[in-house]
Amino acid sequence: MLIIMRDHASQAEVDHVVERLREAGAEAHLSVGEVKTIIGVIGEREIIYALEMEGVAGVEEVVRVLKPYKLVSRDFQPEDTVIRVGTTTVGGGAFAMIAGPCSIESEEQLFSTARAVKAAGATMLRGGAYKPRSSPYAFQGMGLDGLKLLRAAGDEVGLPVVTEVLDVRDAEKVAEWADVLQVGARNMQNFMMLDELGTFRKPILLKRGLSATIEELLSAAEYVLKGGNRDLILCERGIRTFETYTRNTLDLAAVAALKALTHLPVIVDPSHATGRRELISPMCRASVATGADGLMVEVHIDPEHARCDGPQSLRPEEFSALVRDLAPLVTLEGRTFGGEA
Amino acid sequence: MLIIMRDHASQAEVDHVVERLREAGAEAHLSVGEVKTIIGVIGEREIIYALEMEGVAGVEEVVRVLKPYKLVSRDFQPEDTVIRVGTTTVGGGAFAMIAGPCSIESEEQLFSTARAVKAAGATMLRGGAYKPRSSPYAFQGMGLDGLKLLRAAGDEVGLPVVTEVLDVRDAEKVAEWADVLQVGARNMQNFMMLDELGTFRKPILLKRGLSATIEELLSAAEYVLKGGNRDLILCERGIRTFETYTRNTLDLAAVAALKALTHLPVIVDPSHATGRRELISPMCRASVATGADGLMVEVHIDPEHARCDGPQSLRPEEFSALVRDLAPLVTLEGRTFGGEA
Amino acid sequence: MLIIMRDHASQAEVDHVVERLREAGAEAHLSVGEVKTIIGVIGEREIIYALEMEGVAGVEEVVRVLKPYKLVSRDFQPEDTVIRVGTTTVGGGAFAMIAGPCSIESEEQLFSTARAVKAAGATMLRGGAYKPRSSPYAFQGMGLDGLKLLRAAGDEVGLPVVTEVLDVRDAEKVAEWADVLQVGARNMQNFMMLDELGTFRKPILLKRGLSATIEELLSAAEYVLKGGNRDLILCERGIRTFETYTRNTLDLAAVAALKALTHLPVIVDPSHATGRRELISPMCRASVATGADGLMVEVHIDPEHARCDGPQSLRPEEFSALVRDLAPLVTLEGRTFGGEA
Amino acid sequence: MLIIMRDHASQAEVDHVVERLREAGAEAHLSVGEVKTIIGVIGEREIIYALEMEGVAGVEEVVRVLKPYKLVSRDFQPEDTVIRVGTTTVGGGAFAMIAGPCSIESEEQLFSTARAVKAAGATMLRGGAYKPRSSPYAFQGMGLDGLKLLRAAGDEVGLPVVTEVLDVRDAEKVAEWADVLQVGARNMQNFMMLDELGTFRKPILLKRGLSATIEELLSAAEYVLKGGNRDLILCERGIRTFETYTRNTLDLAAVAALKALTHLPVIVDPSHATGRRELISPMCRASVATGADGLMVEVHIDPEHARCDGPQSLRPEEFSALVRDLAPLVTLEGRTFGGEA
């Protein structure tokens, strides 16, 4: 931590800051200029993060050098985390191809889609049973019935299933039926839910919030790992910017940055990021080339009648073409779908 | 709703869209140009919002003209909602002056601050018992003990109290001790919590999310009103932009826009919006002049030792000066603190 | 300047950095921790800013503590800059009320509007002769003919005139006809134009760029002052964010921050910031209460037939009501329109 | 164009709008609902874009369906534009690999870098002679001397050269020495410069502005093509968002969108987009996989002593490894470096 004092801060102010640091168990190193004094602070993460020096008299700015997370960091664990989900794996060379409808709408819709994505090469099945919708007048999902259908569809086609936990009170119920528990973008900083999921024994798929920084995403992940659950997959799904042509702005540099900063697998959701079917394929290709560990793509047997996200859902034949198209790129990146040799 | 067809969409595509609209019970009006056909759709909000036409063949874009909310709209209720909270009121000419510490840290800290803000003219006491913190290593609040202290402090000085519900599972407990239940920016789209709070009989203070549009804020409020709870206060607290000099960017035009779009009271939190003590006073003045119905300001008896938000907390004497300074402006706007005659 | 070394940077890397700093004439102060070494750098602004240490081996981050500007800073000149423009003044208690059409369209349109805004209490007349338009198919302005009309209209009603310099090659021509030269948001970082205008003897009105930080705005202003022209007015006109309800997001906290950081007058353009007529009045009130030194408002005798910015232009009677409405607020802030006693 | 009338707009207001449209030569098609009337407007682009209906009484919103550009559109020209630059080509299967220093600092620095990038496989040499710098105290470039060095270096190694036109008054001089004229991000909406460059016979490289939408970028390009110069290369270089880990946010979905919307070649500048050396390689790979037509990468023989952009500049051996690494991807995308068979 660096403490930058205001111009011409008094000696008493500087002394006071140094004293508070020493009380807290941190070391202070001074750089004294004509105009400015700068104080370098050295100490343990827990001490440094508990220090709130911004309000102290004479302090202009506090620059935190230590990261606000530890367990998720590559410094802490240099080797890739590899997550086993049923018969498939994610991370460490295993590329996840997660596909399925935005929302589970009916047995027919889900099972048809599940069979189609399995045939095309998906390694996991997705489907929303509880849907976060901006307007209370929009379709909110099938709930528990949806969960049961998802389990049955996954079992029939032989794919592990991932679905969103929208309410912390439903977490156990969802964990009963699903293999991977998704935390949606709007809940990325729902810290109580992250705390709860940290005690679970199921992998978590944590989506980046619409306006979350890379550091905030990693700090959110730290909540889960701190609770004891080490199986967490990060997911970039676009951030909110001024550009309205796409639904969000896919931040692939964040994926490359995350791969360097953390040992956790990082996947990409190009469907929500772009909101446009015609951009899914190029963004999938770009994600693979960036070094992502997987993709999550919305597929619907009949996008025209989808109850949500129709414009960004691929038809089964489009998804099938996509997987074929990606195969040589995935190989070039030294990955295999689902970690199969 | 307007449906804009792709350039040179086929007659069959247009016919198909029209047919689907009619099936759903909506009326279709065609504008046929050389290049483009545009379809105006007329029908009830519930029908229109259930229609997902974006995925239909030949459709380029869907423009929603009807708002995704109804109960919160000024069209639905032209007169201001006035909310009674204990002995004070918010809205309809009553100006709320909510003050207190970011987090409740100790009996001494809270009671001293409570006495000071009451003496200075606050109309409500705020204080966080459960704190959302980006890092799991930062102070997380005193929890239930904090809630009880807050109730006791409010009772002693005679001010209603407002505090945040961080976890939907704590909502009832918080409602037992507090007068107004705050939904923080990170939970603005925690729809399950909004649903739950819609069944409560306590006023809700809903903060705008860091990257929420005005329409999304109103849609989130609609969840609460749809559940039956009509006492909701909106709070602008800054949005996330590229500017880093301030913690967030205070969007006062949104306050003016909300005052026109909804009958609900709208207050401003300049502390979180700016993150800088020296900007609190000008932004309070600006908020009053914009037509806001109240302010929520962080006050701490000893900002230097605050466990959160020290740099943006006012000292009691600064808060006292602020209230004195604001009084003529509040009068000029035709408002009275707390609605007292 | 602070140099933060990478974790476990080698002694040789640290020594090398220190050596380069000393060669350049700067002092280095070391804070050595177990993991990190931090180097405080002390020296003159010119030396510090010429140093490019980001690329040096072992360096993780460079934090610049010294501001990239000097002449515009309140540290450099504590008292307000007061700018005389013909018979009116801006800054130091003098409040500028600048009004007129977005673009000059005809003699009739301009003169009628000029007479109306003068009668209503404007202190300066604005009007665009050269218009920056996103599309080459939109109206581009009347050019030199417009400039001449503006001069004539200002002279007739007795108001100084302000207009935009769109092309550096036209700067002298514009300076011949106008009293204040405006640099538009899109040209805020047109450094060659800023350099040129720094040699002029006419006041400059510099608008903040759509995505410019406060620091970048002040650095742009520094270009002009460094050239010798000390008469510069800053103008906040909204920044580009994700919110689309308003045309831009008016950043009033930036106005308050600028008033503290610089001695230059700061005005607000609520017309471009909001793009909506109904928000002009509340944002004008908020600007005055924030401590702005003036307003620039679009007024058109017939907004319905305006060739640009119709939806955000006030009608003369609306402008007249606005000025009346603002008067008590301006007085409350200790300002007078145009600096008249 | 669609005109959405306010709720319960009067018949007179609707009639008035229809009349104005017909006067202007456009057709009006009405959709009349209980609450809202919507007017579809059909007509030629020039007529539609000259219509300013937003200010008309009773009008709530105007939705423009026709694009504000024509010549740059793929509808107008379906086949890719292929641009010949000396001995190399860009577009239509030819992949441009543009490399060189941020700024030209000395003969030794430029020539060494030029030889290195040529050897590594670059197809064009870049180097800044005029540098746009936020602070007037930073290095501003070598000017004309730099231009001459660039020409000489390009000639020696046999590479065409690209450099920025910072000031419209220098455009002819730059055109005398360079093969491709770059318009920087800060000048993307310097319409007078775009007009001027539209009359030149040299290819233009137009960088996207920091906060420019895809539509604004294409509209800016339209200025150049409208002037008669059809040889324009678009360049995505990151947009400004809330994320500060990277210098800007690289928007690769925009590249994919541009490839669909326009026939012009689209290249990517990952150096300015990310500002971090370690992210250059993954973002180059991602750009190729997205379908970009080229890359522009900063290379410096000694980044540690670079006078600008050191942290994002590759060393020659890093650039060489990058080109080798990209080759199979470029082939997979059906492209060849510089268009060589």
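All chains are identified by letter, namely A, B, C and D, in their written order; residue positions are counted from 1 within each chain.
Operating definition for what follows: contacts are C-beta pairs under 8 Å (C-beta built on N, C-alpha and C of every residue); 3 or more make two chains touch, one makes a residue touch a chain.
Bear in mind that the values here come from a model prediction, so they are computed numbers and not experimental data.
**Student:** Which chain pair is joined by more contacting C-beta pairs, B-D or A-B?
**Tutor:** A-B
**Student:** Report the chain pair from A-C, A-D or C-D that duplicates the B-C interface, where duplication means over half of the contact pairs agree by residue number.
**Tutor:** Repeat interface, by the over-half criterion: A-D.
**Student:** In whole angstrom, what separates the CA-based centres of subunit A and subunit D?
**Tutor:** Their C-alpha centroids are separated by 31 Å.
**Student:** State, to the nearest whole Å, the distance from the C-alpha centre of subunit A to the C-alpha centre of subunit B.
**Tutor:** The mean C-alpha positions of subunit A and subunit B differ by 26 Å.
**Student:** From the C-alpha centre of subunit B to that of subunit D, how far is it in Å?
**Tutor:** Subunit B and subunit D have C-alpha centres separated by 39 Å.
**Student:** Using the touch definition from the top, which residues of subunit A touch two or more other chains?
**Tutor:** Residues 211, 215, 240-242, 244.
**Student:** Help me check something: in the complex, which residues belonging to subunit D touch subunit C?
**Tutor:** 45-46, 49-50, 52-57, 68-69, 132-139, 166-169, 186-187, 189-193, 210-211, 215-216, 219-220, 222-223, 226, 240, 300, 303-311, 313
**Student:** Where on subunit B is subunit D touching in the complex?
**Tutor:** 2, 4, 7, 27, 29-34, 36, 38-42, 63, 65-66, 75, 240-242, 244
**Student:** Under the stated contact criterion, what part of subunit D meets subunit A in this complex?
**Tutor:** Counting only subunit D, the residues touching subunit A are 211, 213-215, 239, 241-246, 249-257, 259-260, 273-274, 276, 278-279, 282-283, 285-291, 328-329, 332.
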